[in-house]
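Listed below are the structures to be examined.
After this come two complexes, each holding chain A, first together with chain B and then together with chain C.
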Partner chain A sequence: MSENLLAPLTALGKTVPVIKKIGGITISENPDLAIVSLSARMGTEQDLQNLLKPLLGACLPGPGQAQFAEDITAIWVGVHQWFLMASLSDHPDYADEINNFVTDAASVTEQSDGWAVFDITGDNLVPLLERICNLNSKAMSSGDATRCLIEHLGCLIICRESVRNFTILGPRSSAASLHHTFVTAAHSVA
Partner chain B sequence: MIINHPLLGPRDAQEFVYLGDASLIDRPDAMAETALNDFHDYLYLRDNPAGSHQELWFHEQGDRSWLVVTRDTASHEITHVELAVDYAKRRGRDR
Partner chain C sequence: MSQKNRLDGGQIDRNHRLSFSFDGKNYSGYAGDTLASALLANDVRLMGRSFKYHRPRGVFSAGSEEPNALVELRSGARREPNTRATVAELYDGLEAQSQNRFPSLRFDVMAINDRLSSFLSAGFYYKTFMWPAAFWEKIYEPFIRRAAGLGHLSGEEDPDDYDKGFLHCDLLVIGAGPSGLVAAQTAGRAGAEVILAEEDFTFGGRLLADTGLLTDQHANDWIAEVVGELSNLPNVRLMTRTTVFGQYDHGIFGAVERVTDHLPEPPSQKPRQILWRIYAKRTLLTAGATERPITFDNNDRPGVMLAGAMRAYANRWAVAPAKEVAIFTNNDDGHRTARDLNAKGVKIAALVDSRADAPTSPEFEVLSGAKIIDSRGRLGLKSVKVRLQDGSVKDLTCGALGIAGGWNPNVHLTCHKRGRPVWNDHISAFVPVPDSDPLLRVAGAAAGLFSTHEALQSGADKTIEALKDLDISAHLPDLPQAEGAPVNIAPFWYVKGGKGRAWLDLQNDVTVKDIKLAHQEGFKSVEHVKRYTTLGMATDQGKTANLGALAILADLEGKTIPDVGTTIFRPPYTPVSIGAFAGRSRGKNFRPYRLTPSHKWAEEQGAIFVEAGNWLRAQWFPIEGETHWRQSVDREVLAVRKSVGICDVTTLGKIDVQGADAAKFLNHVYCNGFAKLPVGKTRYGLMLREDGMAMDDGTAARLAEDHFVVTTTTANAVSVFRHMEFCRQCLWPGLDVQLISTTEAWAQFAVAGPNSRQLLQKIVDPEHDISNEAFTYMACGEITICSGLRARLFRISFSGELAYEIAVPARYGDALIRRLMDVGEEFDIVPYGTEALGVLRIEKGHAAGNELNGQSTAAMLGLGRMVSQKKDSIGRVLAGRPHLMREDDYRLVGLRPVYAEDTILSGAHLMSVGDPANAKNDQGWVTSAAYSPHIGSSIALAFLKKGENRHGEVLRIVSPLDNMDIQITVTIPHFIDPEGVRLRV
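Moving on, here comes the complex of A and B:
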């Protein structure tokens, strides 16, 4: 990879990630996430599963599920479609890396710059999530991940720990609006 | 209105967009001799039942799957939901 001469900004336009603590809730921007989408081509789903099993230590997740492995997270986003996420600093050319790995079993697209990623932690995030989207967040447990609307924006909501730890991926061009939504909701429940 | 997604469970109707009658899946053969008439009927003729109706819905803000929803147009009661791909395959389509 050539030397990076540009100064990268986070989704919220800062040089360092914004971390907000409101009451017991912490909302932190995570700029260090490489994201790629993976779509199995017709009839290649089993080949793809076989290829990725050693990497994930498990099968690719089923509908509404995520699979957390050591340095890689796989999320089901549609029929025969997944997102793979890993640390951007460890995998600066993640899409290339995955594309070379899966070859013809799947189509790979770079997604990293399309999304703003927010990690939200707290003792009980259900009242916050209830205010921003219509998912049954109380029923979500670790490994549940689904796409849903937050303020008319299609977001991916990943439960890392039941009630206490969620990651939300939203459209990067609306990062500030999403962040405002989270902060406002956090203030009203804190 | 809640649509019971066959893969993701009950989801709010605001996540979906409506396309129309499920008969849109039965696209006529454009190479057939009768194609002109077939496409006229396919495009313009619809049943408009007061009762059970099969229709195509797209889970745009979810997993982007097409569904065939059986809905009572008089009561809005949804009696059956399945993936459009399963419905199409049952009708002899290859995908």
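Moving on, here comes the complex of A and C:
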């Protein structure tokens, strides 16, 4: 997308991402994530795998899993469906880019603005995560990614580094509610 | 103040003296005390008044089963009524008040009830407050409500924070007595993920209250050793002050952790309590047992308590309830209490044992085959009357009486999934059915294994067994040698033949006579007796009362106790504060809210917001000088019709439909045709349910041969998506269709009014021609605006005016509305909210949620011809049911008042003029109503029988609830531009 005249806001309604440090926990809003949904067309799953493998350096991940490549992350979100994620500043027209790449092998849908993205880091995030979602976060290791409710909201939780680094995607319109939950829980455990 | 009843020893920290107050009087205690132990140490036996008769009461137990010693803890907004003094951990500055008394605990005028007890027997209010019926609501119920309850809420907002969380483990161990500690040790060493939850503030359970060695160690040293080992294991989570209060399906448990209840107030931003949902692969219940009393006349005086509690106060808290005590028992455990107290220097007036063959003691007098038949002492026990084996009567002077009627295993959690315990004759108590639940095992006293040896052994054995299920190999640890005394009990429940009142349920003032009365009046099922007499209700749930009542019922019925059966235990095991259930969900965060992309801008404009589902939508935008919402809404509506307005419609559901069979799919989902919709066009669509009733309406825009964007109503965004997924996955899995919600991803604005095109032309990039000729009514397309921002434009209208909906990536929504307002200044652009949106659509005659209420057919909406008979679609067949095709069915019509000043309200019913207003004459109802500034009067949409043939007819609309009865004229449901000319200019 070329430079336009309108200025974007982050999911929390700010011009710059909100970053909160509470005790040893850092909660950072990440607006620089391009997200597209990739759904295999009927009978094209293998074609899609073949197309994506060079990009990912591996197969598209299975249920509950994410695949991290150099500048791209793929996570399983449903049967024959994945989210691909990359830096928005590097890939401003990511949906078009992927659409042109996969052609008829998959349906591609722009999802970048559907989600509020929070990167959460700290030495031990288990006490925080067990306050906010029903996952056995202690048992999650890098590459685990799953869908889970947080305060009744369908979220995606991606473990980037066991115990220490997680990315949480939640519905953008409820970014403020989610952020409130994270911050309150972080204060509670800090 | 001196602690005159304090003994030597105990597990209190004498270097840490604490001050506290009870009813305004200051006392001192030590760290490690509970409020109850500290009050006893200060010779305070009178701690409360009973519920119904306001009888003076003292502490009865030493744990969470306490029925009597309920107090109001803390003050101000933190005041918490009905707190059990036995589990309230003492802290410096603790304030407690007695409750249910006026003006003071020692002199309570409401104690008059005690004199009126013959009028207040079981079920008295069912009998007393029957007549006259009109008195119930205004007099009787308020009176009963005022009299009921014990303590009082502060009425202020709870100032504390609460949290919630989720835990996962291989083995959850509930209760950290000897059995639980060994279980955690066994599982911890095996590498299993273990949670050890203990309701007390320290580990050890009954070991803390008893003397006796474990091998050659004091119990405390052994506890410290085990807890030390467990706390060094990363796979073991130790949780004190945590009550597991309920068992739910599939190994899920509810627990509440009282994080800061032992502090004057929680540190800033820290929760007072945490509600945990624990997912356990296997669970071991080691919750111990609760002692039960023996009932006799006037057995409720302050100073009368359970013998095991008396022992706990002496051993753990170094407190004697009085200088001289008596014991009443039917089993050997009572002797143990007498021995321990005697060893501590407390004088034993006598041990009264109901068994004729009771063991004797060289240390104190044992009265075998004797029974206590009465007691004396108005505000505290002074003496008990004993009938000796030979029938003679003897008075024993004592300040406290310990009663040992045997122990009931704490089976409660095994019953939460409808498990029924079975009777065990050996211990005269109900025990869990062994191996009845593969997910929940029971060990120690909770399983009826009362000796310390059995507790240790069964804790380890059951853990090994449970972990074997999970393929985790565990080994028996070296168990310490412990006492293995057998249970020696001769069941004895209550002393018969008394003339006074003998109390079964101390908390609810239920006596033996009440049970007999209930039985006499036909309440024979134990569940009925419970409800009629209130036995076993309230904070203690009858933990010390239930079995005594069952024994009496069994006597009356001539049955055994197991034949009478038990009431069912339900969660919570002990009371849980509502705040803990609410957790973080309070105030504006009661539930997550959803903000539209223009929310921040709308706030700056002073918009008034309304909740639409979880969304906060701008309802109207007041400007200076407007004092009533109608002024704002009328202005917004007129401005749209005159020039242009803008409304955030992001909340409408948006579903991306792609795939080679996308058109075919939509053709099945919608009742009208979509297969031939050209690329670049949008069509209004109606979805029916399988039963033929209208489900939702919206539009589908075809962006490419294999790509549609479907919009839904705000309310049905989720349900329509779920319905479409069901269709895709289950009805037509062979179609190549992919669905995903994009509701959140796009900020979408309705731009409506005759100048809407001119406005948009100012921001749409010049390469996109949106002239009337190039971008006709119902066109859609992907465009760019503001020098390259990708956007989608739909020429659709809800208002009846020339209108568009423009969508941009959500992050640009705020900037777009600001830009549109800027460039629209020359057109006097206004933002409009949901109220104006509603008025505009009623003027145009568009159906919305009020009309699509699940009971409407396409025909009723005037859309019957949309249901294509040329193709199959969901609901088509059943929409053709004769009943739904009746010609006299309801049809959507418009209404205008005959007298323009009259106001129509929705919900009113339509009647013929002159007919009585009753259901028989009902001809339909008003679905939506508004004041139309365009028409200059109230207008409405309504469903009217045969409505399409009755335009021009004058009827009345009646709403007795609104005191409304006015005449209206039936019209077509389009108050503006019925030909649709404005849409196409």
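General remarks:
Simple rule for what comes next: the second predicted complex is superposed on the first by the 188 of 190 C-alpha atoms of A that agree within 3 Å, B and C clash if a C-alpha of one lies under 4 Å from a C-alpha of the other, contacts with A are read in each partner's own complex, and residues count from 1 in each chain.
Please note the rule applied: contacts are C-beta pairs under 8 Å (C-beta built on N, C-alpha and C of every residue); 3 or more make two chains touch, one makes a residue touch a chain.
Note that the structure is a prediction, hence the values are computed from the model and not measured.
By the touch criterion defined above, A:Q65 lies against neither chain B nor chain C after alignment on the C-alpha atoms of chain A.
Using the contact criterion defined above for the overlaid structures, shared-chain residue A:E151 touches chain C, although it does not reach chain B. When the two structures are aligned on the shared chain, A:S87 is found in touch with neither chain B nor chain C. Legend: residue contacts after superposition of the two complexes on their common chain; A:N134 is shown touching both chain B and chain C. After superposition on the shared chain, chain A has more residues touched by C, the comparison being chain B against chain C.
By the touch criterion defined above, A:M42 reaches both chain B and chain C. By the touch criterion defined above, A:T121 reaches neither chain B nor chain C. Residue overlap on chain A between its contacts with chain B in one complex and with chain C in the other: 42, 81, 134. Listed in rising order, the residues of chain A touching chain B in the complex are 42, 63-64, 76-79, 81, 134, 146-149, 154. Partner chain A is touched in their complex by these residues of chain B: 7-9, 12, 14-15, 60-65, 83, 85, 95. If you check the complex, the residues on chain C that touch chain A are 161, 163-168, 193, 269-271, 274, 277, 279, 584-585, 589, 591-597, 599-600, 614-615, 650, 656, 658-660, 706-707, 735-736, 738, 740-747, 784-790, 808-816, 819. Contact residues of chain A toward chain C in the complex are 1-11, 13, 31, 37, 39, 41-43, 81, 93, 107, 109-115, 130-136, 138-139, 151-153, 171-178, 180-181, 184-185, 187-188.
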